[in-house]
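Chain lettering (A, B, C and D) follows the sequence in which the chains are written, and residue indices restart at 1 in each chain.
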Amino acid sequence: MSPLLQEILETSSIYKPTMMLVLDVRQVTQLEKLFTIEMPNGLSLGHKPGQFVEVSVLGIGEAPISISSSPSRSNGKFELCVRRAGSVTSALHSLNPGDSVGIRGPFGRGFPIDRFRGKDILFAPGGLGLAPLRSLINEVLDDRGNFGRVTILYGARNPSELLFTDELVEWETRTDVELHVTVDHPDNDWTGNVGVITTLFPKIRVHARNTIAITCGPPAMYRFVLVELLGKGLLEGNIWLSLERRMKCGVGKCGHCQMNHIYTCQDGPAFSYAEIKHVEEAL
Amino acid sequence: MSLKILPKRGLSDWVSRLITEYRVVGPKLMKDQYIFGDIHSADDLALDYSTTILPPKKILLPQRETLIQFDTASSSQPIEPFIETQATIILGVHTCDMHAISLLDQIFLEGFPDQHYLARRKNITLVSIECLRSCSEHSFCKSMGTLSVPETFDLHLTDLGNSYALETGSKKGSALLWSMSAVRDPTNGDYRQLQKVMSEKWQSFNYRLVFDITELPSLLALSYDNTLWDEIGDRCLGCGACTIVCPTCYCFNVIDEVDFSLHRGARSRVWDSCQLDRFATVAGGHNFRVNRSDRQRHRFFRKGKYQMEAYGLVGCVGCGRCAQSCLVHISPVEVFNELYRRQSPITSLEQEVTT
Amino acid sequence: MAIESKETKRIDVHHITRVEGHGNIVVDVQEGVLKQCDLQIVEAPRFFEAMLRGQPYEQASPLSSRICGICAVTHATTSLRATEKALGVEPSEQTTLLRKLNLHGEMLDSHILHIYMLVAPDLLGAGSVIPLARKSPEVVMRALRMKKVAGDLCAVICGRHTHPIAMAVGGFNHFPTSEELSKLLERLEAMRTDLDATVDLFQNLQMPDFERETEYIALSKEDEYSFLDGVITSSDGGSWPVEQYRQVANEHMVVHSTAKHTRHQRPSYMVGALARFKLNYEQLQPKARIAAETLGLDPLSTNPYMNTIAQLVETVHCTEEAILIVTQLLERGIKQEEPVSPVRSSGEGVGACEAPRGTLYHHYVIDDGLITDANCIIPTAQNLANIEADMRALVSQRIHCPPDEITFALEMLVRAYDPCISCSTHILNVRFVL
Amino acid sequence: MTSLSKPKIAFFDFAGCEGCQLTVIDALQTDIDLLNVVEIVQFREAMSEKGDDYTIAFIEGSYTRFSDKERLIAIRDQAEIVIALGACAHLSGINAIRNLQSTAEVRRYVYGDHAEHFDVSLAKPISAVIHVDAFIPGCPIDRQEFVRAVKALLQGNLPDIPDYPVCVECKLKENSCLFWYGKTCQGPITRAGCGALCPSLGTGCVGCRGLIPSPNISSFKQLMSEHGTSEAGIEAKLKLFMTHEILKSEASGDGN
């Protein structure tokens, strides 16, 4: 149990957020901003890649947001990449450094990174799906020696929607990472791949038995990516997804995120395909 | 377990005493329908009631409950949790509702304990009552195994005619009898009467499920793609009444409200329903359960399978409230029976023969 | 004088404010001669009678309450009376009491709105109620307080004031509890302090000096200051059963000619608080008569600006009446009674009530449960000719004054009538020939 | 929270009964602070002052005349946010009933031989003419909902209007269902937010807040007919407030 979680349980309500300072706000794309948030009293969030926090703007509401920074780079801070989608996220977008936000969490089950060590890792995020996967990508890269080949396939609708372009450049230049980026709708300056994310799969070679694949993106994307991965012979237990559902509490009470018998907030949001293959409402 | 006897003429006195120390809630008549409401004297109390519109969950999990209060302009304590408890007695809880409360207890305790529910629950004394006859044409408690009281009662009443038998189940329960002069020890006659009442009672209820409740989860597992869900979806009005009135439904929404300063306000939870459109809709407008048929299936799977598998407790206690509220006659017992009929090999054989 | 009156002035007030609905004032004075003086109604036509046609009779009342948000209770009640008369329904005594009480609530609500929010700013030298709230918050708070009692009265009886809910043909679908009535009684009694303060306030305010004799028409009854049912009575003598409403109103309203503003007695007549006050003075509650005296209003007054004062007197009256009715209801105890059912499914009926602004008529023909013909005559439609006659007299008297002053006096005059133009079921035809 | 300067708001009325504007005035009885948090620059029913520098426009009433278009467009051009206030603006409400008859016939019936003098179009919700950012439903609007809407606007959001049916609120109030007493009610298909006001007063919901997003109209009609309402009766009830919506859903072929 993380210290923060401990604190939450000792304070008198699981629904009470802790106020934290917004250190930095960076416009990433037209729709997304990256927030750097500082923990109080030098605490550490103690999260795992794939977990999320509930972010509050008091008076407006709460939204579940994946932790986008990796534990390896935390140091009393963490990052959230937020798309402006409705009331809470718009209110977040109006915040400036120095303002504070309410945080609860981290919640959910992250990726079982220990089981990934020694394996080849294939990341396949689409669109905003890179926000949660970035945490795991950087965690892996910061412990690069313990993993096999690292491949990243990233698809966005158009070049202006590409997230973390600095990091993309960095990954691109690293010799120990294979990165392929594609966009559905190129602009005049775009010289890279064009097409949906699945068009990148023929470009890579996969050692099927020894590869962990991790994907996250809009609901419609999963089915296509799964077909590719299964087609390449990956084991169902080695394909991981991070799912989104409506969530109101984050702690398995409110019922909104239920997919059949599973609570996305507690049992996920990271799942292996083997786990949810028979959960009809999952995909 | 100890048994005591409260003569009925002592009831009024007893209730008056309880009122001085507790908030007392119990079944009472509102217009021509029973509801759980505040009891101000024994005259308000209708222990011999037919089922209420809303179950006692409305006391344990209020329709609207403040979780935190905040004032973002205050630098010292911007957020305060709001936990409200008041020593409360719920009088006259039917056994099916007792089973439902057991399920709520488990849900709010497990994983992340919900301090709001638990604090309130700790301060509630449950006085259950033995059901001697079916309380509604729609109920099917006997089939669901909820016709006997679960062990969670604090005090349990059985109507013996001229008196009530009082069984204490906890210290909280026995506290209610403290120094009550009207309460006496049972005589042999009382025991005989109790036995008689109990054996007669059992006869007066029917099994309405045509199969055993333990088969329900596997029946549902086989019925995921049954066309019955589409038929129900076509009829269902999506009005949400079935879940609002259900004692085992607890899903909630969370909303913030502020005063005109915009920095002072409260965050509350309010009852929600998986039958409503927005329940599973995420930003961007994607709805993960868009059809009424999917939503109804989800509801019945929760009632008949998921809860049972997750908590070992029935998710439907057979109170029949949803069936009573449903204007298009969707009733769990009939749904379950119909699924059984469609799944049973004999019926499919018959179908093969006739087609 | 003569030189001054040779001026040419044109006054064009587009959308008179602080009235309900849209009206324009157009005055054209050329070479000192009044060429045109109109109150033009530019409210969008609503076609209620056409919408009522074909409706099941139960739907007439909820539909016709939507004619006007300010006198919704009176429209709903008048509609019910028309339907009931058509279908032979005799509502119970309790129903009648509840309806009267409800109408009193609406009278209070509407009069307080008009007196404080719409007229007082003129007299207190504030542009309107919002600056007035800044300038004299206590005055506005008092108005809101009183208005809340009135609104809550209607809410207790029929669910809400604007578009009542619990009223049905033959009775009510819901009844107030005795606790609700007792609480209401307390609040009505407590309201007397605010009423006294209101009378004090208006006692010291000067109404413009202007007299013009005209005919006054209102519903009357022997034994009460009538709001619900009664006979049509004229200050020029004569009375008619409500079924003969066309005798009084027909030629003004139904013959769609711009020239025909004529009745057999006078070119125009006035309905509303002043008319009721003049015709039913004897039936006023004693406290209301004292208020009238204090406010300098007597039954012989012919100053249309005094309509506002008559409204204030009625406010006192209605409060006292309401107290009496609530007391009576509490003594009788409320019976949970089912609405009386119609004895036939076809027929014809006229309902008439006194709305805050004057007499309101609904006339329905019902055939096999469906409305086949409907006619609604609203108070403001009846007043329009009279307003214009007053306007002409006023402008002629003040033709030498600066246009701003005339405009202000005219606007105040129009406002004094408290015209409810949004009700316009069919009043667009009232215009002068140039 | 960043505090915003007082937004300037204006009220406009088209064909309607002004009951919604009256409800706004009545909201002051409980929420007089409204006057401190917004600046009302135009409100004809209540004030003479007239400003045209508003950012939020509340529009009451339906579009009923060709000449309304110009005024609506002018409002849209000025306002950042346009909100339909009440059933007439939101749904065309009862005004749309006359769309069921021919306009010429309607005019003739009410105005006789003067009919042709009037500028009359089909009655429409204002969203049929200009873009509307949000609506506050009801006939009339609910006071508290209006106050909440203003708060949401102050927070920089659009009002959050319920999209579940009236039955939810009716059950929360523990009313006995009117269908159990041989009455009928449009609660199952009507948008909540009123606190199930009408059913709580023993009167069937008349649907003033409009249809929920995906109503099961055919099942609802079946229900009404099971409870003894004739086909014509069902039509009349559905088309008291929802003529425009029902005609639209019939035209698009869903719900029937």
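Going forward, contacts are C-beta pairs under 8 Å (C-beta built on N, C-alpha and C of every residue); 3 or more make two chains touch, one makes a residue touch a chain.
Nothing here was measured: the structure is a model prediction, and the numbers come from that model.
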**Chain whose average C-alpha position is farthest from subunit A's own** = C
**Message:** Can you identify the chain nearest the overall CA centroid, using each chain's own CA centroid?
**Reply:** D
**Complete:** Here the gap between subunit A and subunit C, centre to centre from mean Cα coordinates and rounded to Å, is 66
**Centroid spacing, where centroids are CA-atom means, of subunit A and subunit B in whole angstrom** = 39
**Request:** Please work out the Cα centroid separation of subunit C and subunit D, and write it as a whole number of Å.
**Result:** 26
**Prompt:** Roughly how far is subunit B from subunit D, going centre to centre by Cα mean, in whole Å?
**Reply:** 37
**Complete:** By the touch definition above, subunit C meets two or more other chains at residues none
**Message:** Two-or-more-chain contact residues of subunit A, please, as numbers and ranges.
**Reply:** 58-60
**Asked** Where in subunit B do residues touch two or more other chains at once?
**Response** 72, 258, 262-263
**Prompt:** Classify the inter-chain contact topology: is it line, ring, star, complete, or other?
**Reply:** other
**Asked** Chain pairs in touch?
**Response** A-B, A-D, B-D, C-D
**Message:** Quick check on the complex: what are the subunit A residues that touch subunit B?
**Reply:** 9, 11-17, 19, 56, 58-62, 83, 85-86, 89, 100, 102, 218-219, 244-246, 248-249, 251-256, 258-261, 266, 280-281
**Message:** Could you list, by residue number, the parts of subunit B that touch subunit A in their complex?
**Reply:** 67-68, 70, 72, 78-83, 107-108, 110-116, 224, 250-256, 258, 262-263, 265, 267, 269, 272, 274, 279-284, 286, 288-289, 294, 298, 301-302, 305-306, 309-310
**Request:** Sort out for me which residues of subunit D touch subunit C in the complex.
**Result:** 13-23, 25-26, 28-30, 32, 35, 40, 43-50, 61, 64-65, 68, 93-95, 97-98, 101, 105-107, 109-114, 117-118, 120, 139-140, 197-198, 200-203, 206, 233, 236-237, 240
**Message:** Which residues of subunit A touch subunit D once you look at their complex with the stated criterion?
**Reply:** 57-60, 87, 90-91, 94
**Item:** Complex contacts: residues of subunit B adjacent to subunit D
**Value:** 30-33, 35, 52-54, 63, 72, 234-241, 244-245, 257-258, 260, 262-263, 271, 273, 276-278, 292, 325, 327-328
